[in-house]
Amino acid sequence: MLDFISANAGAIQMWVAVACTLGIYSILYKENKIYRFFEHAFIGLAMGWTIRTAWVDVLYPNFYQRIFHEGRWWWILALPLGLMLYLIYSRKYNWMARISIGFLLGLSAGQTFQSFAGLYYKQIVTTFKPIVPQAAEGSMKAVTLSGAINNLIFLAIIICVMTYFFFSFEVKSKVVQKTANTGRWVLMIAFGAIFGSTIMARMALFISRMDFLIKQFGGTFVPWLK
Amino acid sequence: MLRNMVDEIAAWFARSFPPQKGLTLWLILMGLIVAYVVIFFGLQLLKPRARKSLIAVVTFLAGLFYALEFFLPTELIDGKETNALTRFLVPMSEFAQIVAVLALGLGIYSLTMIHGKTLLRFRTGWFYSLTFFTFMILMATFGIMVEEPFSREAQINRDIRSILFVGGLQALEGTMFSIIAFYIVSAAYRAFRVRNAEASLLMAAAFIVMLGQVYAGQFLTNWLPTEGALSNLRIETMSDWLLTRINAPAVRAVGFGLGVGLLATALRIWLSLERGSYFDREV
Amino acid sequence: MSILEKLQTIDRRIVYLLLFLSVGLALIPRKPLPVIPSNQARSAFEAIENAPTDKLVIIGADWSASTRGENGAQTIAILHHLMKRRLPFAIMGFDPQGPELVAAEAEKLAKRYNYQYGTDWINWGFRPPGTINATLKAMVRGFQEGMKQDSKNIPLSDHVRLPMMARFKDINDVGVLVVVTPSQTFESWVAFVQGIKGTPLVFCPTAVMAPEAYQYLDSGQMVGMLTGLKGALEYEGLVKEPGRATAQGLALSVSHILIILLIVVGNLGYLAQKRRQKSQQGVG
């Protein structure tokens, strides 16, 4: 049996993938048992793969190997902190899970300073763009008229959108209200652009599966489909 | 100064607690486990106020490490910017990896409990729970199994893993997410209406971007020159302009707000000032 | 209800069938459509084209099979370019599937380009996503200390089996970063890796994520970007290695036209309904 599987692994893999693909697509017609079967198989496989990767790439080299092969016993101290997370399911001890959660939250909170600096400093600096046309001078690049207009638009949009999200207190100034309103319009354009891009993303995933069914699978039987 | 002190402490630790093998290792491990069990029940004796303080201290210390590591002045050693805490970056990262990877198990535990109960009590849908367990065990087993590079068993193991991973998991996951294409087409067809000026603007931007990213759209304005003022009217140029000159600053402005909010939230969490459903829960 | 108004209520299964048929049929023709590469794809190409061959390229493989349709095609196109230029590369990722998926593609291409594991390329494997910042911080300071071992559990200090690791020590030895991800992990790559030495970063997001990333091109934190399948298609054209993305170009066009037509049809029905309601109100 195992030898048969091994000898025909490529073909079995292809047929399994086809069955999985069609099984999942059957939901588009209506809810059915075949879909439910493949849905649960998917969750099982995904969990199994997560277990595999967690062990092979992290727990085995960083924990097991270090303690039991290299004798560095102090790494066992990570275990209680990790296991305490599971106390979240206990009524009596669940507060202890918050020690571990606090540890993980604290770590990421502490990294936020560098993260903020790394992400935003350069963005803040590059937001201040030249809005007057100028010739190249030293390390400064030349700014054309169209470039200056684009820079002005860039700056104006940032101000308008930031004003739109200004909720700290009621704004009565007409100028600020108009600026915020412009920000809202600009956001509509941005959302439209994001929607247009999202469509492509979703289509690409579907096309990829159809490509598998028609060209890769179909192509093995009907060569001109390849 | 501080760096030297920390280095000395680290060196003392390395001298005093060397790696162990054989029986000594096992004795130490057993001792630590016993100590932990004692601490575990000791912790349970703490009053709610002390428990809250303990959580706050752990959270603060964990955050303090990375905050200090970032803020402490550095000096160039072997061409790398180094301060007193830099040498602990690697062990800290690996320690956190172990804890975080154990956190991944929470999801597995939760699913196992739900499906385990359904299966053991033969509730409706027990067959699906059996399916879940079967595939989880198969994938984990064939994934973890040690491979000798050129043995027959290793080849069989690799083939079965490939069938499960490529034929099963990849196909299922790829298809599952591709279904969204149908829902988004159906939703756009049903809900995308020119009800007002804002919706019309949104739709116009979406159409320009959609047409600008495929050749069918680019073909519409292919007759326009690629250089000069008229080239700005080509659909792909308009789409690029929308994305880089209108969308980019709008997203950046939103990002600035998010960034400051994130920083404030991180500070509140770090200093245990955060309030809300989870943070206010009794301990 | 007039025929025009009925256009608003086409059964969803007919819409699905239209999508199936249009994409299915568009995949059959073999002749690829012409490609007009975007500025972002050109910049990405130039970054890799100009990368020094004595420096390492790190591929952040933070994607899974769910976005294979986009990220898979991008990865393959980039790998072609890296191998054509004989650039050494390391794969790592914060998605359990990512490194394995990219390594599988690299293995396939390695035979064609005569790339040796350990000498020309390496897979550092998966690390938990919850510790991405901590892991990247440790990694940039030294690969051997920060990453310890590859996905086959070979220590990076084993320079007999992994000779390339003797040449590449830390972030100073990195020529280009390539981050392929459908998620926010790219922000960590920017803040904790790119920002350290200003290493050029090529970003390969799904098209959903791309609009969020254009601002990073403006700030110079990224040098180029491949936007989803379109980006992969453009890159295949630039490296002259037409592959799956190129073959899917027509289907991408047809699906976009279909959705635009459906939105227009829905709106025609909506406008007809609105006009009727208005005239009825006028009569009333």
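Labels for the chains are A, B and C, by order of writing; each one numbers its residues from 1.
Just so we're on the same page, a residue touches a chain if its C-beta (ideal position, glycine included) is under 8 Å from a C-beta of that chain, and two chains touch if they have at least 3 such contacts.
Please read all numbers here as calculations on a predicted model, not as lab measurements.
Participant: Considering only which chains touch which, how would you classify the arrangement: line, ring, star, complete or other?
Facilitator: Chain contacts: complete, every pair touches.
Participant: Please tell me whether A-B or A-C has the greater number of C-beta pairs in contact.
Facilitator: A-B
Participant: With chain centres defined as C-alpha means, what is the inter-centre distance between chain B and chain C in Å?
Facilitator: Result: the chain centres lie 18 Å from each other.
Participant: Using the average of all C-alpha atoms in each chain as its centre, how far is it in Å between chain A and chain B?
Facilitator: The computed centroid separation for chain A versus chain B comes out at 8 Å.
Participant: Could you give the separation in Å between the centres of chain A and chain C, each centre being the mean of its C-alpha atoms?
Facilitator: So the centroids are 12 Å from each other.
Participant: Can you pull out the residues of chain B that are in contact with at least two other chains?
Facilitator: Within chain B, the residues that touch at least two other chains are 66, 94, 96-97, 100-101, 103-104, 165-166, 169-174, 176-178, 181-182, 188, 203, 207, 210, 213-214, 243, 247-249, 251-252, 255.
Participant: Enumerate the residues of chain C that touch no fewer than two other chains.
Facilitator: 16, 19, 66-69, 97, 100, 127-128, 130-131, 133-134, 137, 148, 207, 210-211, 215, 218, 227, 230, 252, 255-256, 259 - these are the residues of chain C that touch more than one other chain.
Participant: Mark out which residues of chain A touch at least two other chains, giving numbers and ranges.
Facilitator: Only 28, 49-50, 52-54, 56, 58, 62, 104, 107-108, 111, 114, 116-117, 119, 123, 154, 190, 193-194, 197-200, 203, 205-206, 208-209 qualify.
Participant: How about chain A: which of its residues touch chain C in the complex?
Facilitator: Where chain A meets chain C, its residues are 28-29, 49-50, 52-54, 56-58, 60-62, 65, 104, 107-108, 111, 114-119, 122-123, 125-126, 154, 190, 193-194, 197-201, 203-211, 214-215, 225.
Participant: Using the touch rule from the top, collect the residues of chain B that touch chain C in their complex.
Facilitator: Against chain C, chain B makes touches at 66, 79-80, 86, 89-90, 92-94, 96-97, 100-101, 103-104, 165-166, 169-174, 176-178, 181-182, 185-186, 188-190, 192-194, 203, 207, 210-211, 213-218, 236, 240, 243-244, 247-249, 251-252, 255.
Participant: Along chain C, where are the residues that touch chain A in the complex?
Facilitator: Listed in rising order, the residues are 13, 16, 19-20, 23-24, 27-28, 66-70, 72-73, 96-97, 99-100, 125-128, 130-131, 133-134, 137, 148-149, 151, 153, 187-188, 190-192, 194-195, 206-208, 210-211, 215-216, 218-221, 227-230, 244, 247-248, 251-252, 255-256, 259.
Participant: Along chain A, where are the residues that touch chain B in the complex?
Facilitator: Listed in rising order, the residues of chain A that touch chain B are 2-3, 5-6, 9, 12-18, 20-21, 24-25, 27-28, 36-56, 58-59, 62-63, 67-68, 70-83, 85-86, 88-89, 92-93, 95-96, 98-100, 102-114, 116-117, 119-120, 123-124, 127, 150, 153-155, 157-162, 165, 183-200, 202-203, 205-206, 208-209, 212.
Participant: Looking at the complex, which residues from chain C come into contact with chain B?
Facilitator: Touch list, chain C to chain B: 8, 10, 12, 15-16, 19, 33-36, 38-39, 64-69, 97, 100-101, 104, 127-131, 133-135, 137-138, 141-142, 145-146, 148, 170, 172, 207, 210-212, 214-215, 217-218, 227, 230, 249-250, 252-260, 262-263, 265-267, 270-271.
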